[in-house]
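Report on the structure given below.
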Amino acid sequence: MDCTGLCEVLTQGGTDPGLAQFLSILLGVLLVVTVPLITVIFLIWIERKIAARIQDRLGPNRVGPFGLLQTFADLIKLLAKEDITPASADRLLYNAAPLLSLAAVALIWAVVPYTPYHVGADLDIGALYFVAVASLGTLAIMIAGWASNNKYALLGAFRVVALLVSYEIPLVFALLVPVMLAGSMSMVDIIHAQSGMWFIFMAPLAGVLFFISSQAETGRAPFDLIEAESELVAGFNIEYSGMKFGMFFAAEFLHVFTNGVLITILFLGGWYFPGWQMPLIAFMWLGLKAFIPYFISLWIRNTVPRLRIDQVMKFNWFFLVPLSIVNVLILAFLVMVLKEIGWVPVDETGAMALAQAGFIELLPMTIVLFISNVLICVPIVNRLRRMGVEQRAAREQLRTQRAMAAGD
Amino acid sequence: MDVLNEWAFIGVFLVLAPILPVLPIMGAWLFRPKRANVLKSQTYECGVETVGDTWVQFRVQYYIYGLIFLVFDVEMVLLFPWAVAYHKLSFFAFAAGLLFIFLLTDALIYAWRKGILIWR
Amino acid sequence: MIQFDFSTIAFFVFAVLTLGGALGVVTNRNLFRGTIWLMVSLFGVAGLYVLLSAPFLAAVQVLVYIGAIAILFTFAVMLTRSLTRLNVRYTRLWPSALGAVLLFAMLVIGVIWPVFGGNELYNQPISDVVRTTTDLGVALVSGEGYVLPFEVASILLTGAMIGAIVIARDADEEEMEQ
Amino acid sequence: MVPLSWYLIVSAALFSIGVFGVLSRRNGVAVLMGIELMLNAVNINLVAFWRYNTTIASVTEPVPSELSGMVFAAFMFVVAAAEVAVGLAIIITVYRNWRSVIPEETDTLRG
């Protein structure tokens, strides 16, 4: 095993190499794991502020400057809340579910490259790793619903799991696109492949599909069936109170921002700041860009009404899934054709290598792929519009019929 | 060996990630009131007595969604290597992938036409 | 003798997870808990894959088993609700326990130990070279590789999906009629 | 490094536990779980033999046969998934028709 940085220092100081390595890994993990946990505290404040502005309110503004310390106040309040475990609950699983829920989101951060030189673990299966880890969250919801031993909790958990599971299909298909373009599942390699051109310009449709399905994965509006208050009391976490409820809450808030970071890495070029590769600038640049999808997500959440579950399911199975499959196939086909023509930058072995190409070399390829994506979208949007018009007309007709019947 | 080093990081992370959320819960245990009574620890159903079994019978629909998801998930097992290797593959490989996805879409189209995917 | 480095410790941890989880599966009365134990066990197997330098398989193991098969099992447990509380857990408890122990003893004493135990050849992997997911992808779809099984797998999945839908739908329609 | 035989022992133990589960449990779902354990034991064996036993010809140009273990394991996932999907569907249907999930009791087809 290699031993650099802190590990090297410790070994020179006379520590056993194995122990030194373990200590350096432990420190790294602590650093990486605290980033999301600290972030979430401020995310809650940011989200409440943004939501308030969208709804024409002020938001938290009492505790600390601009209400910045509101979250800490809430934290203290949560600490002092009574924590009730229902008598009929399965105690072990009931207590394990919130931990698993938060851990599932925090684990994603292990593969996030913060800067060119700082990444928790550069796994060569990074993209698959985060999908796999995120699926632990689904299991956590299932466990929470079952262990509460409450009809509504279980019913809510069932619905949510059916929803999450359905939206994972377009998510994974959209994920195939950056993986295919970069020729690697490693997050670092995917960022390097975007040094010339962001993938969002090559595959905007995949980016949008990924965004929509990750919005559904977090259970935010318009997909917030997780807490369809009017239908399901409160969903799977109905029996949870105090800090354990706070864990589910924190996991959800963190998940939204994590998705922003993932979209930034997969489609918006990650930390890659043109020209500079200073760690601090790269880190800020990543955070800044992650804020764009994060903000759009909040914007949607606060302005779009909740859909019914049958609508949500229909949207997924009859629209997102076919579209994401077609998208992957067309992209694969075009990449192959472009490679034959010679518009795709290749390395000496004839394999596609986007990481070695600059902006200009990538431009023709990007334009073709972008236009193809737009061409896929045009008939679909038209069809959607026609369907909408038809449905509205049908409803209008029904209403006039009823009015006539009432008039008679 | 350095591949395993990356995974050692994940391993330590895996142990720590559930432990860190335990800390605030432990902290809450110190501060929170502990006055449990029978009424409080009843199942929360808006004050109404629980009617019938908790494990109400569910529709097969849920299972079918899970089933289709499983099939697509397993498809990913074979499609991800295909996508990763795509940059060095030939046209033949594209045809193979196309056929693979096409065969699977068959099943989806079947489910589609039978009206199974509509939530009832 | 074996030196205790990271991978050895990790091996023991994952072996304990795998076998402990498996024991939980076969001894648990409650099937939902049994499913969770199954996931613990299969998670341990994923860890073993990592130690065997097949991280792709490990990720897939978590994705497929914990992400999908666990959900399917819990759905099935709920759909056949009486399963969660069973009075009779086992049939033929002692004969099958004896059979399983004998099988294990036979495998270890009869095959594994004599053939692989003392053999220096199998103490280390022959090569340090690790094949990546890219190589796997090339092997899967190249003409001289596994392209035929690749397509057949797709047909198998399609068949399984249609078959299972047809079977499960029957029950659904009966339910609707009632 | 852990020798190959240790992996084989873990795998053998897992397989035996799976066999025990399949033989002793009365419940259809539990039987399927036992089968899953057995399939995973087989998979560990496949990957372990592949890792410890494959001679690598050249570093850069892999021959497909050098990936046999991984490829087989990947196909095992497909088989396991198909088996679970159909198996559970059958159990659910049987339960709806017979109100029972115990394999021995659903013997209408017996002559």
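Residue numbering begins at 1 within each chain, and the chains themselves are lettered A, B, C and D in the order written.
Just so we're on the same page, contacts are C-beta pairs under 8 Å (C-beta built on N, C-alpha and C of every residue); 3 or more make two chains touch, one makes a residue touch a chain.
It should be emphasised that the depicted structure is a prediction, and the values quoted were computed from it without experimental measurement.
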Measuring between Cα centroids, what's the chain most distant from chain A? D
More C-beta contacts across B-C or across B-D? B-C
Using the average of all C-alpha atoms in each chain as its centre, how far is it in Å between chain B and chain C? 17
From the mean C-alpha coordinate of chain B to that of chain D, what's the distance rounded to whole Å? 21
Centre-to-centre distance between chain D and chain A (centres being mean Cα positions), rounded to whole Å: 33
Separation of the C-alpha centres, chain C versus chain D, in whole Å, is 5
Going by residue number, chain A touches two or more other chains at 1, 123-124, 128-129, 154, 158, 161, 165, 168, 183-185
Where chain D touches two or more other chains at once, the residues are 74, 77-78, 81, 84-85, 88-89, 92
Pull out every residue in chain C that's touching 2 or more other chains. 6-7, 51, 53, 55-56, 60, 63-64, 67-69, 71-72, 75-76, 78-79, 133-136, 138, 140, 142, 153, 157, 160-161, 164-165, 168, 171, 175
Topology of the chain contact graph, where touching chains are joined (line, ring, star, complete, other): other
What are all the chain pairs that meet the touch criterion? A-B, A-C, B-C, B-D, C-D
Could you please specify the touching residues of chain D with respect to chain C in the complex? 1-10, 12-21, 23-27, 29-30, 32-34, 36-37, 40, 43-44, 47-48, 50-56, 59, 62, 64, 66-67, 69-71, 73-75, 77-86, 88-93, 95-97, 99, 101, 104
Interface with chain B, chain D side, in the complex: residues 74, 77-78, 81, 84-85, 88-89, 92
In the complex, go through chain A and note every residue touching chain B. 1-2, 21, 25-26, 28-30, 32-33, 37, 75, 78-88, 98-100, 102-103, 106-107, 110, 120-124, 128-129, 149-152, 154-155, 158, 161-162, 165-166, 168-169, 172, 176, 179-180, 183-185, 233, 238-239, 242-244, 246-247, 309-310, 313-314, 317-318, 321-322, 325, 328-329, 332-333, 335-336, 340, 349-353
Where on chain B is chain C touching in the complex? 3-4, 7-8, 11, 53, 55-64, 66-71, 73-78, 80-86, 88-89, 92-93, 96-97, 99-101, 103-104, 106-107, 110-111, 114, 116
As the complex stands, chain C meets chain D at residues 2, 7-8, 11, 15, 18-19, 22-23, 25-26, 31, 34-35, 38, 41-42, 45, 48-49, 51-54, 56-57, 60-61, 64-65, 68-69, 72-73, 75-77, 79-80, 82-83, 86, 88-93, 95-97, 99-101, 103-104, 107-108, 112-113, 116-117, 122-127, 129, 131, 135-136, 138-140, 142, 144-146, 149, 153, 156-157, 159-161, 163-165, 167-168, 170-171, 174-175
